[in-house]
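Look at the two complexes coming up: chain A is in both, with chain B in one and chain C in the other.
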Partner chain A sequence: MGTHNPYSLQKAPVLMSVTDLSTDFLLESAPPAHALVDVSFTLREGEVLGLVGESGCGKTTLMLSLMRLLPANGRITSGTVNFMGQDLLGLSENAMAGIRWKHIAMIFQGAMNALNPVQRVGDQIAEAIVQHNYIQDKGVVDGRVIELLDLVGIGADRRSQYPHQYSGGMRQRAMIAMALACNPQIIIADEPTTALDVMVQAQILELLDNLRQKLGLSILFVTHDLGVVAEMCDTVLVMYGGVTAEYASVDTIYNDPQHPYTRELLRAFPDLSRPTEKLASIPGHPPRLNALPPGCRFAPRCPAVFDRCHTEQPALHLVKPGHWASCHLVEQM
Partner chain B sequence: MSPIVQVTHLRKLFPVKKSGLFDRNETFVHAVDDVSFTVGRGEVLAVVGESGCGKSTLALTLMGLERPTSGVIQIDGQNIATLNGKEMQVVRRHVQMIFQDPYESLNPIMTIADIVAEPLKVHGLVKNKQERQERVIRALEDAGLKPAVNFMHRLPQELSGGQRQRVVIAGALVLEPELLIADEPVSMLDVSIRAEILNLLLELRQTRGISIVMITHDLGTVGYVADRIAVMYLGRLVEIGPALQVLQQPQHPYTRALLSVVPVPNPRQRRERVILQGETPNPINLPPGCRFHPRCPVARPHCQQHDPQLRLVPVGHEVACLEVTPKELS
Partner chain C sequence: MSPSPPPIRSFWRTFRRNRMGMVGAVMLILAVLMAVFAPVLAPYNPYQPTRVTIDDIYAPPSPEHPFGTDDAGKDVLSSFIYGARVSLIVGFFASFISIFIGGVIGISAGFYGGKLENGLMRFTDIMLVIPDFPLIVLLVALTKPNLLNIILVIGLLGWTSSARLVRSQTLSVKQRKFVLRARAIGAGNFHIIRRHIFPLVLPLIVVNTVLVISLAVLNESALSFLGLSDPTKISWGQMLNFAFTRGAMSAGAWWALVAPGLGIVWLVLSCTLLGQGLEQVLNPRLETHHLSVGSKMVARMMGIKETPAIGD
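So, the complex of A and B:
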């Protein structure tokens, strides 16, 4: 895994570019929560971008904003999402419906719960094909279902079974088959392996990596598992309290992290190759998004905090080409 | 001193529904099959394996919540199968369990103080309110919820996941147990707080001399907490030994494969991984011979015939594999 060449990736065309995306949640009897503030990134063809952070840091909001699937009280307040020469945020709901699943598909976290328990797996995949491609011919649809199942390593004879007859790993494979139904260019994978055993997780990651190579997919990989990110991703966006903490290539994030949050997160992650070191934790918890600290959002937990951090929100600074971090310490360097 | 736990040839089979009225062949799920090990006083033993390997059944059997089909469990030198209800309750006081999900294992309409005091009531351990209060405060503070008064009158929903897990631990500590059985104690928590909880468990071992059996599927963290690691596959122990040795010189092909797929948080160490295909076979129709042979990358024909037993291997820990050379007896 991960044998692709970063230089060829730099030459790959940009598929999606997100600029200054901000999202608020309107709350009853409270000021709106700024769940996402000025997040920018690009996704190239064949790139796997890891979206990392603790729960409540804005990963899910970012993903739902891209798909324009926010709950009723969510509002995108600024920014652009450029995809295939158009701004997705400016499209009509109908036009957006033509983008979802056809061009950008999703794999959800709980494969156990994301499938309909009373419908055969093959029929659920067929539904995705019929819905988005307007193919009516049963034979053609069935052929495509078999092809998709084969792509994810499930035998054609199992398409008439129900989800409960599948193991956890197979259900996740079926979800992936469904996401691939319309040949999307981008897959957004939300914690696709979190509930799975390590060996099954390895099988699913291997499958996603093969599909990326075979189909030239770009993947937005949302996870809190830094080990998976290290093995799967080309670039990493670390989020904290709704803002970008650090954004760089995977090698930079792990070997030259600049933001204290990234460093702390890495220290807190168990590393099998160094089992005797003491595992660190990050005391405290992420900020509540409707009661943010006035300065840097990480300041209350930051080990390198100084006066300015409590009063002034740091901007996203360019550390070196392709590497950004929002920390006052970076600016001083 | 005798070990806190001694398990000998433990078996737990669950009968499976017969397929028809006249079906005479009763079948069983072999959840735990001929497992023996000990846990020393103040020791942390991690039992590692994938879903369905029998590790949770093992935990429940140790707690006395499932009766073993055969074999002996001795806790504190007492065979728990021979105890009557009263004696068993005393043992239960010394053995406490921490469950996986701190969101599901706390009663949402009880205050933290009431939740932690509940075990004291059940066991009838305190005479008056004041003593109860004192023990609850001590348990909460030992579990890292300081000062306890800030938490006692709150409800579980007002606490974060990490704090809830501390309440669960306080509920176990209040009985001053000698053995904690922790079933995936951190798998539901965010990475940033996992370390806090694991470090807390280690601290309790240090300050109170508590022994811990930690059930987990996460090989990434066991190195930080365990003294010894036991690896289970399909109801059997396939490898057991000192933690560092098992992690750094794994002998059983299953352990090796498992370790090879644990993601390492460094992109410069992307390694060759041994990805076993398929999934653990169902524990009703067990493969003949070695249970791992259908998925084993180094299996040879004799693995289909002989069921390997745990043997000491050169590196100084026990492995059940025909392909690993045993230690010379000298």
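So, the complex of A and C:
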């Protein structure tokens, strides 16, 4: 699985650019929780952007904000999501419904829950086609469903089965087929391989990579698994506590990480070349959004912490072109 | 890999094994058949005027009149067979009205939430605390007590518990991830309700309909017993009313009371059994609940007891 040549990627046109996106969750008896603060990134054509971080770091909130599918108490407070020359956040609800799935599709985590248990899988794939293309001819829709299932390696005769008759990997592949239904430019994949065993996981990743090359997809890849990131992604956005910790190309992240959180994450990942080394872990938990530390959000767990970290929030600094990190240490360099 | 059977067939396969539900279904089918084929089954036509002598009034069961005769010298068996029609018609139609209103209110309240939910649910609560039966009696007495009015009044007042049940189920289905997926596809509210919410609420609606039928049958019988029935239609409640007010008790004519009474019990019991059977089949969680001692669980407990401890 080859990553793209970074030079060709830099020349590729920008598909989506997100600037200073912030999202709050309104709470009943407390000030709003800032789940996402000033997140910015760009997604180029054919690029795979990895979104990593522990649970509760705002990865899912970021995705749902992009799709404008936040729960009722979620509010996007600032920022722009520029896609195809328009700001998605300024669109009417109807116009946004037209963008969803047709241009930006999602692969959900836990395919069993994302499939309706009482509907045939084929019908669920057809749902998106009918919704957007208004194809009334049943035969044409059915042909497209067969084509999509074939693309992900599922036999045509299984389209009339129910989700519970599929294996875990097949369900995930059906979800991918569903995401491809309307030929989207961007696919948001929310931990598509979580809860699958490593063999199936490898199959799914290979499938995604093939499809990416065949169809020229851009993928926003949310995952916990740094191994998957190294394999799949061109660029990586490391998130911590709702803010960007580090944003760089995948090579830079692995070879020259600047943010202590990125370094700790990489250290916590098993390395085959040093099998005897004890696995490191980062002590503590990600901050609760309603009890954020006053300074840097990572300060309470940071091994390189100093006084300034407890009082002042670091801004996102440009380390070198294409490499950002939000840490006071970077500024001092 | 063969395509899976249609859901209706797999449902039937499971339902067939549910003894309680099957008994209820057979009982209900028998009652419906009796009502449909009343002209064929009944030995006499109860709507036809008859010439009677004093000996025909409250005549005990005989080969000629297997269930005896009533206060007008009419054959009780024939009236009993024809009487099933009113009970069933009122039961079915009133419960369809109830479940339709309850379903619409429950799904809209649960799905849309917010002010709409608050308004609808407070309205439901108000309707829920008003004692149903006195209100039904009042409304039927104020309007003309014909079949249509009775159906409407019972139907329009019986939807409250269904609305609450459907709302709670909608609330839980709404949180499922495939609803979020449907929204991500770009689907609108109506599409989501039709394709993703309704099919998962439907089993509950089916079960509830059957249970509401028995309530409607009971209400209708009680109304007729109080004399608020359609005077042109024979019903079981009306038969009880006539027997009660026209001296069947003092004449010792038990046969005039037993047949319609047992008819009501039969119908209500069949609906309750069928409803509970359907509930068990459509809601697999009931079977594994720790409080439900189903036949499976009993067998398992017995099995554990009977298994001799190895190595003792």
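Operating definition for what follows: the second predicted complex is superposed on the first by the 332 of 333 C-alpha atoms of A that agree within 3 Å, B and C clash if a C-alpha of one lies under 4 Å from a C-alpha of the other, contacts with A are read in each partner's own complex, and residues count from 1 in each chain.
What we mean here is this: contacts are C-beta pairs under 8 Å (C-beta built on N, C-alpha and C of every residue); 3 or more make two chains touch, one makes a residue touch a chain.
Quick caveat: nothing in here was measured; it's all calculated off a predicted structure.
In the superposed model, A:G169 makes contact with chain B only, not with chain C. In the superposition on chain A, A:K102 makes contact with chain C only, not with chain B. Contact with chain C, but none with chain B, is seen for A:L69 once the two complexes are overlaid on the shared chain.
Applying the stated contact rule after C-alpha superposition, one finds that A:L279 touches chain B and leaves chain C untouched.
Touched residues of chain A were counted for both chain B and chain C, and B has more of them. Across the complex, chain A is touched by residues 1, 3-4, 7, 113, 176-178, 180-188, 191, 195-196, 199-200 of chain C. Residues 50-51, 160, 162, 190-196, 198-199, 217-221, 223-224, 243-244, 247-248, 257-259, 261-270, 273, 275-277, 279 of chain B are the ones touching chain A in the complex.
Per the touch definition, chain A reaches chain C in the complex via residues 67, 69, 72, 97-102, 105-106, 108, 110, 113-119, 127-128, 131-132, 155, 157-158, 160-162, 165. Those residues of chain A lying in contact with chain B across their complex are 1-2, 54-55, 167-169, 197-203, 206, 224-231, 250-251, 254-255, 264-266, 268-273, 275-283, 285.
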